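Shown next, in structure tokens, is the structure this report addresses.
Labels A, B, C and D are assigned to the chains in the order they are written; within every chain, residues are numbered from 1.
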Amino acid sequence: MQTMLWIIPALPLLGFLLLISYGSRLSRRQTAAIGVGSVLLSACAGLYAGGQLLLHPSLVYEVTLWTWIDIGDFHPAIALRMDALAAVFVFVITLIGALIHLYSAEFMEKDPDYSRFFACMNLFVFAMLVLVLADNLLLLYLGWEGVGLCSYLLIGFWYENPANGHAARKAFTMTRIGDTALAIGLFCIYYACKSLNIVDISTAAPLIFQQNPQEATLIAFLLLGGALGKSAQLPLQTWLPDAMAGPSPVSALIHAATMVTAGVYLIARMYVFFELAPAVQGLIAVIGAITLLVAGLSALTQYDIKRVLAYSTISQIGYMFLALGVGAWTAAIFHFMVHAFFKALLFLGAGAIIESVNHEHSMFRMGGLRKKLPIIFWTFMVGTASLAAIPLVTAGFYSKDQILWYAWGARHGQAWLWSMAWVGAFITAAYSARMVLLVFWGPLKTEVTSRPRWSITFPLIALAVCSTWIGFVDLPHNFGHFTPFSDFLHHTLPLTELRADPTTEWMFQILATVATVGGLLLAYSYYYIHNKRLRHLANQPLFRRLHRLWLAGWGFDKLYQTFISRPFLWVTKANKADGVDQLYSAMANITTSLNQRMAALQSGSLRWYIMGMVLGAIILFGLQLLL
Amino acid sequence: MTTASIDNVLLLAGLLFTIGVAGVMMRKNIFFMLLSVEIMLNAAGLAFIAAGSHWGQPDGQVMFIFILAMAAAEVSIGLSLILQIYHLHKSLDIDNLKEMNG
Amino acid sequence: MTLIYLIVILLAGGLLSLLAERRSPHAPRWVALITTCASLVVGLLFWIQHYPQIIQSPADHWLERFQVSWIPSFGISFHLAIDGLSLILLTLTSFMGILAVGCSWNEIQEKTGFYYFNLLWVLAGVAGVFMAMDLFMFYFFWEVMLIPMYFLISLWGSEKREYAAIKFFIFTQASGLLMFLAILGLYYIHGQNTGVYSFDYFDLLGSTLPPSLAFWLMLGFAIAFSVKLPLFPFHSWLPDAHGEAPTAGSLLLAGLLLKTGAYGLLRFVIPLFPDQAQAMAEPAMVLGVIGILYGAFLAFAQTDLKRLVAYTSVSHMGFVVLGIFAFNELALQGVVMQLVTHAISTGALFILAGMLKERLHTRNIDQMGGLWSRMPQLGTLGLVFALASLGLPGFGNFIAEFLILMGAFEESRWLTVVAALGLIFSALYSLRIVQKIFLGPQERYGELPDFTVRERWMMAALALSILWLGIYPQPIINTAKPAIVQLVKLMDIKPDTTSQHHYGP
Amino acid sequence: MAPNDFLALLPLLILSIAAVLVMMLIVANQSHRVIQMASLFLFLTSFLSLFLIPVTLPYAIAPLLLIDSFGVYMMALIVFSALVVNIISYVYFEGKEEGPKEYYVLLFLCTLGACILAVSQHFVSLFLGLEILTIGLYALIAYLRSRQRAIEAGIKYLILAAFSSAFLLFGMALIYVQTGSMSFSLIAHSLALETDLPALFLLGIGMMMVGIGFKLAIVPFHMWAADVYQGAPLPVTAFIATASKGGVLAVTFRFLTSIDGLRFHVLSASLVVLAMVSILLGNILALQQKNLKRLLAYSSIAHFGYLLVAFVPNSPLSLPAMSFYLSAYLISTLAAFGIMAVRSDGTEEAEELASYTSLFWQSPLQASILGLAMLSLAGIPLTVGFTGKFYLLAAAIQNNYWALALVLVLGSILGIYYYLRVINSLLKGGTTTGALPKTAFPYFLVLSLVMLSLLALFILGLGVFPESLIGYLKDLQMGGTTSVY
């Protein structure tokens, strides 16, 4: 039974192969059937396997397919391994994947490259599954780059527009920077532990790195580099907003639910190293905290609805990093799962909206869609509520509350980390409210051209349902201590040690609620009742300047352009003709000019020749005298 | 009678030879160039004779006869060529003959 | 005896196709196709037949030998021998040969007989280089592969072909003659020490040399091979040759001729001069790394597709040098992989460039764009090989570069880190290729034909092989292992400059 | 005259008799064809007679001549070259304004002179041989006497040659003064005890070098070469480039080795310098040359530089190396000039590189022969030229003349450039088959082409399987019997 694990990734791969080789000859219906079906089946398989794990806590799925490379004592295998952590990811990837595929079946139906789209999507699901199921880091790296490739292909899916191509290349290159760091990290790990098998190194690491903790720090740092690239955290976050050039289902699946959280997975998977390197773990927390604020503030100012969601994604992943940083491993994974659901929901909803107001992206040209698109409206509201973490009823509340609490209470927790997270919560609520108010309330600005059918609405509803109840699988301790989720994960991840007194947790929940409500009120008064004083405040030059800065994502793009891409381009252009080659041509020229000089001496005049001979003779004698 | 010492004779020969070389280099007229070459050859011949007498061997004189013969042959061909040249160029200025170069 | 067949088949095929032209201008290509296929079959059979022997990696890693006296008065013999390393490269040679014939199929319309004659003789020369175990003979074949290549470029190349051809010839010839001097020096020093005057590889192996002179001799060899590779400061012939050569010419250059350089370093420089190689390691690795980055930078700037790919070769070969001079098993295995995978991926890119030239009559990527919508299959394959050359996992190139970097990491961390930057730049130029050619808006061209059946088969073969190497490279690794292990052993002895080295039988 | 003497001198005798015979034929005014056939036959006989020379070598004909295996081999080379020249002459001279008959007489005389040089061991014979050769050449060069270039070349050669032989003679005289003898062996004898050369002797050697250097066209005495090559009729050019230079080289080698002059640092050093400058300058001069005759002239300067490389080490290897390379050079050069002669027509020589464009596609045979010759001169493997260069390098490196070897390599690299240019123009252009010229006298055309193809076969054969020749050259003897007079 264990050995059937390979089925889960194999199905999407099969789908991909079918579509890539027969895509041109298949009808749209068949294409959709293959694309959706393959992922759906692997979702069932994943659910079954996950269920098994739930029932038998000690069980771990392991299967070795074949030896990949075997040189000396370096022998990584093509082998899969599924434990609790992997199971959660498989669950999210396959389930949400299936729903999004279903959604796409209708969403993309007018697109000429229907089969190419599903092929890429299937390939992505496969790669992502390989990433989370890999039992050694080399295979993980394969999945890691594979998802990067798919993200490249899908961001640039509408390739006629050069801007999309640019966004795609940007995404690939920036993540590749992280990947390179990761690769170097792999080398360090191999030479330290003489293996790349995750289980082996995780068990061996503590002993090995007792002597030289700085090596562990180095490795942890390099791994973090990889994670930052993939998960679009500071300072490598700039690619994600541009990645919205891709179709909405892509943004939902890759750039919200799954791929961008690969960094979280990696860190959680390699937690041993980070526990050995507290400095780096602290760094993670800091980066997370800063990112969530930076991205949140940017989200507050965007016009394009998808960019709002993109920045909010960065910000939410910032929360996850914060959680990882303070050692709240399970909380991070919990928030990952919840976020996956409601953010996927939001992106799909946004996609549907954009479709129905014929490809209008700007929220300021939407509005009053409450009545026009009821289903989308309600599901979207659920998602937003979850994002804004409305207390008690939404999943978002539980996961984010956990993180806030641990940011203070966990062993590595800090007061200021908590306060940043708290401010973040406030901002989150604010931009969530802003978004819905602009889109659904107010006067109708753009006429609704088309309405979604069931295969779009069904996934929305399903996700909406999930993003409410999924929160109850891990209730806070003062809510009757019902925590099956973290218990399940504790087979893989360590417990979160507390430094603060658990009984004080309720205070933080109150404060979190305050933040949320505050944020909502702010947005309400600014965008709904158009409060004069606020408006006036916002028109102060300082705020205008801030607005411009945040709208441009804190000007990171500009920074990188001036200091990295432009110089690079200049250098390459300058040396296009290959300076080294000039050297050789110079040598050639010297010889030819020598030839011309010598040929000129062959004047044809006999007297000159005689002169030459006599001179030669004299030189010869002189030479002989010298020697 | 007094016999000239080998050194002096060689010196004379050397002098003749240099005169010949100088002649060949200076003159523009092919005819005189040929003449100067003859002088050089005879200088060599003189040197041989001196050497022969120095070592009391006939070889030197034998060599000189050969040289004379060779010089004669050479001059004959040379003259015929000079005739041709005059025929073609109406002058004996060697500097006219630089059609081929490079 | 198989060994001699491997060469004779190709030579004979060449002469045959020269004659076949009289019958019809299309006859030579069939002759060439049959010949190359035959040599591939022979090679594969040999491989299969010896594979068990290879697996149990014996002490004597030489699988077969063939020796007859040639110029006894100088101790020169016609000596062929083959081990795993040579076997891999030989098979590659025949494989590339078939593809070369394939992509010349319609491209070459005039002087076909002479064309295929040259093609096959290049292959013969390369095969000889990979098997020659007598240094004189090695040089002999080294030249034999050169001259037909010169004709291929100078006769069937594009506009600046003569310049490119002469540049190519003079670069390689000059370096080759230096190597020849070194060979002679080795010959006499060894002869004077031992009284045995012989050009035979195995005789010369153990020879003890005065360090000062040994360094210069080593340099003679090293320069010849670095020019062929090409290593950083000697690379400037490559873009011209690649750019101007006909498709098959570029294919053979990239696929085989560059490999002879790496082979030479592995087979001759290191075993003959272990200490000097050891001393050279640091600067050589530095040059390799410079090559990686320099090549990538130039590739990024180019607008001529073939020149672009040529510079990517410079970059990839930088990895090879880095790996060779790391002297450990991982790196050396990586090198062997890189030789094979680079041949396939870069060769494929050149073939694609050829196809595009056939259809668009330009190599300038600024005049392309949006071709995906016209030729989805060609686009897909182009994407595949661009990804391969940026070292995406799942393709053989990834295995190769990963192993090389991993091996080099043990020797010098910082160099490896700098080299790893190459991964980023490779992403830059590869994606630029894809963007410029296949993506973006498409207005310039009307209907363009997608793959023909022949083209589809060729590209399928290449794509499958590169994927196979990516997910199951073990057969190659096993085959190369005995030879590699020997090398590593040799370098692990790290002998001082006077002691004897033992390598091979 | 002892029968052995007769036998040993047979080739020379045949050559001299041949000259007379041909003259008689002319008197009996036979046709060009007959004379050609006759002289071909006579050359063949003299060539074959070389094999009759008794194996009891070396055989001294005191004091002038010494017939040893080295001498015989050199004579063979010379006569063979003359033979080839003779064959290609018919096709060339037929249809020229000048009656070609006397040409053959002179050819025989020149060949005779060259052969005498090859076996002479005495200044007198040296001088005689040299002058027989040279005076013959004066006439041959200017043979087409109505042509300005021929005349110009003739007078240039005449004056310079006479000038240089004056140097040569004066040098001999000085040496004679110094040593009291003119036979090599005795000179060697009197030098045997010297540790460094006496001044007078040195001066003498120097002046002889000038003379010899001129004949071999070694830098700085090379300037005549290009013009004379260009001006002379093609077969004559071929003869100058091969037979005459070969003879002079042979006697030089013999002289220097038999007096063991190279043990004196002065001489070896100055030879090294001469070799280096010849190699470099010769190749540089040829680089951009558009005229094939001049190109070959310059390249021959370089090639004699290479040959000096074989002299210098003065080691057991230098004799075979020199002989091998000389053979390689002769074969390749003859092939090249042969094709040129075949391509030339009544009015003008086929000397411009442009006139060979796309020859390969018009007449593959001729083009391949010329191309092979070029590759061989460039020293590319598979050709005899490569083996020759290998031999030279071996000789140089065995005695640690690394600098010399490097210069040689540098020279060959330069050389490749212009040889490739020739080959390029052969292969350039379309496959349009142009009409083959010279259909006038098919028999001799075919004969010449057969001869040239034979040469091409030599080029390849000796390139791939040089062992046979190397084996033979290794046990060539020189000198041996020091016949005191």
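One rule holds for everything that comes next: a contact is a pair of C-beta atoms (placed from the backbone, for glycine too) under 8 Å apart; a residue touches a chain by one contact, two chains touch by 3 or more.
Composition by chain, UniProt nomenclature: A = NADH-quinone oxidoreductase subunit L; B = NADH-quinone oxidoreductase subunit K; C = NADH-quinone oxidoreductase subunit M; D = NADH-quinone oxidoreductase subunit N.
For clarity, every value in this text was computed on a predicted model and none was experimentally measured.
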Taking each chain's centre as the mean of its C-alpha atoms, give the chain farthest from chain C. B
So which chain ends up closest to the centre of the protein, judged by Cα positions averaged per chain? C
CA centre of chain A versus CA centre of chain C: separation in Å? 39
Between chain D and chain B, distance of the C-alpha-averaged centres to the nearest whole Å: 27
Taking each chain's centre as the mean of its CA atoms, chain B sits from chain C at a distance in Å of 66
Quick one: chain A and chain B, Cα centre-to-centre, how many Å? 98
Chain A: which residues touch two or more other chains? 599, 602, 604, 606, 610
What are the residues of chain D that contact at least two other chains? 155-156, 159, 163, 167, 226-227, 289
Any chance you could list the residues of chain C touching two or more other chains? none
Chain pairs that touch, all of them, please. A-B, A-C, A-D, B-D, C-D
Residues on chain A engaged by chain B in the complex (per definition of touch): 599, 602-607, 610-611, 614
Spell out the part of chain D that touches chain C in their complex, as residue ranges. 361, 375, 380-382, 386, 390, 393-394, 397-398, 402, 405-406, 409, 412-413, 416-417, 420, 424, 427, 430-431, 465-467, 470-471, 474
Of all residues in chain D, those that touch chain A in their complex: 155-156, 159-160, 163-164, 167, 202-203, 206-207, 209-210, 213-214, 219-221, 223-224, 226-227, 265-266, 269-270, 273-274, 281, 284-285, 287-289, 414
Residues on chain A engaged by chain C in the complex (per definition of touch): 20, 24, 66-72, 74, 78, 138, 141-142, 145-146, 149, 152, 156, 159-162, 165, 168-169, 172-173, 176-177, 179-180, 183-184, 186-188, 190-191, 571-573, 575-576, 578, 580-581, 584
If we count contacts the way the header does, which residues on chain A are in touch with chain D in the complex? 591-592, 594-596, 598-599, 601-602, 604, 606, 608-610, 612-613, 615-617, 619-621, 623-624, 627
